[in-house]
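In the two complexes below, chain A is the common chain; its partner is chain B in one and chain C in the other.
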Partner chain A sequence: MSADTLNLAAEGGGGLFTPGGPGFEAPSVGIFFPSPWVDYDIPMTSGITKYAVLLAVASGLALLFLWWTSRKQSLVPNRSQSIGEIFFLFIREQISRPMMGVKGDKYLPLLISLFIFVFAMNIMGIIPFLQLPVTSNLSYPVGIALVVYVTFIVVGIRSQGGVGKYLKGAVVPSGAPGWILPLLVPIEIISNFLIRPATHAIRVFATMFAGHLLLATFAAAGWYMFNPAAGPLFGTISVLFSGASLLAFVVFTAFELVIMFLQAFVFTLLAALYIGQAQEAH
Partner chain B sequence: MEGSLNVIGYGISVIGAGIGVGIVFGMGMQAIARQPEARGPLQTNIYIGFALIEALALLGFVLAFAI
Partner chain C sequence: MLGLAAEENVLRIHIDELVFGLIAFVLIFVLVYKYAVPRITKMLDERADSIEGGIERAKQAEAGAEELRQQYREKLEEAHRSYAAELQKAGEQRAAILAEAREEAQVEARRIIEAAHAQIEADRQHALHQLRTEIGTLSTDLATRIVGETLADNAAQGRVIDRFLAELEQDQSTQQAEVR
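On to the complex of A and B.
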């Protein structure tokens, strides 16, 4: 759409085609900074915002799922327990075993918690009336990524037997000739201990951020263009436009669900990969 | 017109990541088609490669807003 058409639409706005109405304002980054409901004026905190409430809802959902699938355990699983077992086997066969082998099975509780917690926080973005993925605020993924960061460093130090051995194994590539080490070691340090946790957190954050912005734009545009009072011709056109936007909103919501699952999967997969790499001797 | 040049820069930079993700999934599908019994490990490796390439695009996305 060219600038002229945009201006025309803006001049006709109010809904679309209303003379002298307000123009279309696309949702901005501001929707990710909701104003706090309870503000207790401590520096570097944001008070209790929608994010904090949704975080509690997401944790509650995750706990509820785990409680529902693990109560009344028996050898012959009942309906809820089989769902839990399918989920458990999915994490073990798709994530844990390929990355860490059998000796990684003791990290399964961590991986399962990570997956279900990240997925519950993501899914807040498409639950009606909540509709804000908790992970679209950088602080939450950073918190979880820090847990993984500390875990794989501690696991590395323990399984390699000492800080020095672990650091040597992690930053000095085996088999590299000595003269290239001054070049390689800084790159390995940056990529293993700085870029790795940063991208681990940013990956899920940025995907949720972009996806939510996309959905918000379609919702706002659909509402803006809905103007059946603009006369028979323009009213029909505006309702058609609005319907197209609604359709796109629904389609992209389904698409977002897939993305949310994929991001939780990738987050857990990378956590398993990092722990597995720290575990085995280089 | 108002706007930020960052967005255009991000659009250009994400071409590379798009090509990369396309290659990863394309080659992955090809590998699975050639050897369907190796599906499990191949799929895991596809997602790792996808995640590493996607990180480049996402770094650009964040920097486009941050700078």
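On to the complex of A and C.
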């Protein structure tokens, strides 16, 4: 065994076909718990970790994109302006209008912010060297899901003309016979006010979490199986295995990009749906 | 790999991260709400306006051109009409002038003829009158001669009569020449 192989083995790489080498350790959920760089030892806090830094990067990119695409405005659109307009019209025509109609246009800024924020946080998962989607930490999706939760309740109370009317409209299904209400009302309450915000946040979190774990597994496996020093036959096999794993990593990274976009879209679409439902009279 | 934190509950919610996330979201929201969306909506509206305005202007120009064309057509028709009217008027005038001239000529001719008739009549009357006077004189002459000369012989008588008749003929021919 050469010194190189030993080094590789020590870092978890080249484990395949190395007699007495380390076994394959799949990435654990530990990768979602980076140790804090600044810890202030308060319960229920994590300190400043990679997540906080990536959040700053993602928000910075989002702000930069928004500023860049709306900075210069002219009647004949320039390139950056066109991108901004396409983005704006995409949110309006694909999310806001189908869910809420024209009267939902006043929530466009919220929807645009949600989409770009979620997408920027997601995309951190495939940017080289950063490679950790911010939304794979439940704290962040919960934050914006709460914003949407509060928004649709406030919108509901305002458009139905009072807390009582809104709650009645939201939890008492119209047309249901009286005797079934004791059964339906609790279901509606749980569904609309507990499960809805929870799934709203967990949907994007779980997808990003799983996707990142998958990518990490492919990367780790590719690294683990890369052992050209294991002799002519085993070395070739190990390199082929490793190559297949890395190819899968690349393919799944592209796939992840689509999922990241889709999850941002779904998150925003659901926000529009909830606000639209609250807006309508029951 | 980075060192791991002790706690490993994937469904954890950290208050500090949640607050960071909210702050970041608020920043983005403020930029979108106060800056990006108003600018983009304003420009989209302006563009729609300018496109609609362009269409409107084109329609107006078209309507203007159509109006102008109509005006030209009317003017042309009017010109044709007035030309025809002038032509007709000229024809009428020509006919009137011709008719007038013909009438005048006829009147003149009639006048000349009448004058000629009157002259002839006057001449005739004059000639008759003269003839009558001459015949009277001649008759008186003849009678005087017949009476003055004695009716001695038939020869003389005969000569007198012949001479008288000859004179009479002569007179008549001169008289006729005068009448003419």
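Structural remarks
Convention: the second predicted complex is superposed on the first by the 268 of 282 C-alpha atoms of A that agree within 3 Å, B and C clash if a C-alpha of one lies under 4 Å from a C-alpha of the other, contacts with A are read in each partner's own complex, and residues count from 1 in each chain.
Everything below uses one rule, namely that a residue touches a chain if its C-beta (ideal position, glycine included) is under 8 Å from a C-beta of that chain, and two chains touch if they have at least 3 such contacts.
All figures in this text were calculated on a predicted structure; none of them were measured in a lab.
Touch criterion met: A:Y140 reaches chain C, while chain B stays clear of it.
Of the two partner chains, neither chain B nor chain C is touched by A:F218. In the superposition on chain A, A:A210 makes contact with chain B only, while chain C stays out of contact range.
When the shared chain is aligned, chain C comes close enough to touch A:S113, but chain B does not.
Of the two partner chains placed by the overlay, chain B and chain C both lie in contact with A:V29. After overlaying the two complexes on the shared chain, residue contacts for A:E85 are found with chain C alone; chain B is out of touch.
Looking at the shared chain after the overlay, A:L273 reaches chain B, while chain C stays out of its contact range.
When both complexes are overlaid on chain A, the residue A:T199 reaches chain B alone and has no touch with chain C.
If you count the residues of chain A touched by chain B and by chain C, you find the higher number for C.
When the two complexes are laid over each other on chain A, chain A has residues 29, 209 in contact with both chain B and chain C.
Chain B meets chain A in the complex at residues 1, 40-41, 43-44, 47-48, 50-51, 54-55, 58-59, 61-62, 65. Contact residues of chain A toward chain B in the complex are 3, 29, 93-95, 98-99, 199, 202-203, 205-207, 209-210, 265-266, 269-270, 273. Residues of chain C touching chain A in their complex: 1-5, 7-8, 10-22, 24-25, 27-29, 31-33, 35-37, 39-44, 46-47, 50.
The residues of chain A lying in touch with chain C in their complex are 29-36, 40, 42, 44-47, 50-52, 55-56, 58-59, 62-63, 66-67, 69-70, 73-75, 77, 81, 84-85, 88, 108-110, 112-114, 116-117, 137-140, 142-144, 146-147, 209.
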